[in-house]
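Read from first to last, the chains carry the letters A, B, C and D; within each, the first residue is number 1.
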Amino acid sequence: MSLVNFTTREITCKIVYYGPGRSGKTTNLHYIYGRVPDARRGRMVSLATQTDRTLFFDFLPIDLGLISGFSTRFQLYTVPGQVYYNATRRLVLQGSDGVVFVADSQARQLDENIESLQNLQSNLLELGIDIRTLPVVLQYNKQDLPRELVLQTADLDDALNFRGVPSFGADALHGKGVFETLKGISELVLKRLSAGSAA
Amino acid sequence: MTAAPFERALNLITRVRGVRGAMLVSAADGLVVAEHLMEGIKGPAVAALAGSLSNRLGRAMEAAGIGHSVFWHLQGTDGALLVVPAASGILVVAVTEPDVNVGLVRLELLGAAGVVG
Amino acid sequence: MSTRAVESWTLDPLKRFVGEAGARLVLLMTPAGQVMAQHGFSRAVDVMSAAALGAAIMASTAEIARQLNQPPFAALTHQGDRHGIFLGAVSTGRGTIVALVVYDLDASSAGLVQLFFEQLAAELKAASPKEGVPKQVLAADFERELSDSLNTLFGR
Amino acid sequence: MADDVKGLSAQLAQDPMSLVFLRLAELLRLRGQLDAAHRIALSGLERHPHLADAHDLYARILADKGDFERAFDEWDMTVRIAPSHIGALKGLAFLYFKVGDVDQAVMHLETARGFMPDDPGIAQALAVVRGGQPAKAAAGPAVGGPGQEAATAATAAPMEDSRVFAGLEGAQEGLLLLDAAGRVLGGALRNPAGQDVTDAVAAYLAGVSQEAARTAKLLGLGTWTGLATEGGGGHVHLAQPTPDALLLVVRDRATPMGRLAIVAQRAAHAARRWLEQQK
């Protein structure tokens, strides 16, 4: 549910980075945090385990500046990927305006990707959100790994992207594709606002 | 501590004529610990306000160098609030009619404070 | 003291509450953690992360209640040596709103905050407009602006 | 000086957008014409809402008027516009110190010192704040810096007339008369060690009486008529001789509470008479 303040002309949207454990969701946020100038980002909050796995969520507010005369702010969240954190994932997903699904491109992780995507659908269903109307983009991360280990983006599209949403190959650790992904989801989320179908 | 001593402490106070309610209040957070109130007295409000007034009064007394309060009495035209801070951080509170025997209520409050420690 | 509000109808009740309860700061937010209004000493905390974390606490305990087959908890208090926070939910014409109150034990207490929170909840409920917000927000040609903004943001 | 006011007023009338309102309002403030200063500053602010100096000026006037909450807002706003505004940082430090938040007071003064390391006023204020004094009136001016007048006006010195309680038992010790904002009107207090604690106690009493009034109201006790306390080192009685005044009577433990109530009644009577004479 995006929050629109017509008096001060401000928009706040919630974007959730979803995906299986260790697929690189937090890495996306870290990269964004590192690249965005201080004045344009808030504090990054990470609720993580001692081994740095996300326990509850990571949170990063960024300021996109003026769009259509509205000062536009995005709040980026990640969910914990491990299967057993499902209750937490559902909580973080509440009220989201868009989802970035971060898939792990390694061939041996395909089942985990599919499972996580199904889990996303069932959580959205439980929250009463229709995945067909919710802005979603896919990111195929770790494309930098040796070719023999990873699936190519076209193959991943075949396996995961049955709705034909925008998808982006990425190497989040070094920043490749992070920006394009964020741009992709931003466009979808804001398009929804411009189309007048905001929740 | 079980509820029995609390009950005993409150009974000491409510048996005095003109007392409309007795309470034990946690001084630090202004919350009800135990209560014995007549209809119409709002326990949470008494607890919160007695706690707050007690804290503010305590600070003024400290500034004046006259030590901790052992008993205080807020007199109003339609009623009164009488309080004894017990050693354990609990306030023993009585809500009374305006013309209650203050000396007697004070004694019972001190007695109740002894019971709750 | 500073004040900000996305929905101005929340302000009078908020100001009254901060005065009466002696709170340091009160934030109103959506259950998803987006700040709707704030009043008080906003430097007490990082407002945006506090809202995200407060909403997360509320959501977690609501989930625990759900798993116990109980109705959601009405309010939560966490108290330290010098400060406390209080979280409570209010149901209004604009849906559920979560309030996060930060208070100093010098000036307030859990009891005072709870006492006046009831009043705040009633006032917010009464003041909330029932009509929905207009849907159309952005102009259709926002894409170039978005692209420029993101380019600047990433130093491209 | 009147001519200055006249001249500046004429300049402002000729060019309402000019920044001359800053000098004019400040001059009026220094002369104690707070309402006029308030009006000029406010209309200047309406024309220049993003001018840090205008917010700072307005804050000083509000502080002089005793409206500390709004003064805080304005200084807060000043610092948002101009984070290195020394006057506003000092003003905020003063207000924090006034409410006993020494950490925040120090933090704001340190920030100010970072921007202006050689300002002796800041160093002096830091020394006062770090002295750990309770937030009492006497410390105000040093911390207030450019808002010195604000501080002195806000904590108006006790009136010279020490005869408020003349003829009463223990008239000059253990009797204190305050106005509704906690400012001392008459009397004085010493602690058992003989130190003057008048200002420190006065600073807390306004809060006590406000809470007493609220408690009586919300609990249906009617109007509060007195608050009596038995302390380990003495007995205290607090009452409101008039709706705008507060009376404190302190006696050692040898004075029974009942007797204290009678002394308080007499003192309240004397205070009412004296307040009436002052009108």
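General remarks:
One rule holds for everything that comes next: a contact is a pair of C-beta atoms (placed from the backbone, for glycine too) under 8 Å apart; a residue touches a chain by one contact, two chains touch by 3 or more.
Since we're looking at a predicted model, the values are computed, not measured.
The pair with more inter-chain C-beta contacts, choosing from B-C and C-D, is B-C.
Separation between the centroids of subunit B and subunit C, computed from CA atoms only, is 35 Å. Annotation: 33 Å between the Cα-based centres of subunit B and subunit D. One simple way to say how far apart two chains are is to compare their mean CA positions; for subunit A and subunit D this gives 53 Å. Looking at subunit A, one finds that none of its residues touch two or more other chains. Those residues of subunit C in touch with two or more other chains do not exist in this structure. Every pair of chains in contact is given here: A-C, B-C, B-D, C-D. Interface residues of subunit B facing subunit D in the complex, by the touch rule stated above, are 41-42, 45-46, 49-50, 52-53, 56-57, 59-61, 63-81, 95, 98. Taken in their complex, subunit D has these residues touching subunit C: 69, 72-73, 76-77, 100.
Those residues of subunit C that touch subunit B in the complex are listed here as 22, 77, 79, 84, 105, 108-112, 114-115. By the touch criterion given at the top, residues 25-26, 28-31, 44-45, 47-49, 51-52, 55 of subunit B touch subunit C in their complex. Only residues 1, 3-8, 10-12, 14, 35-37, 40, 42-43, 45, 47, 56-57, 59, 61-62, 64-70, 72, 75, 77, 87-88, 90-92, 94-96, 179, 182-183, 186-187, 190-191, 193-194, 196-198 of subunit A touch subunit C when the two sit together in their complex.
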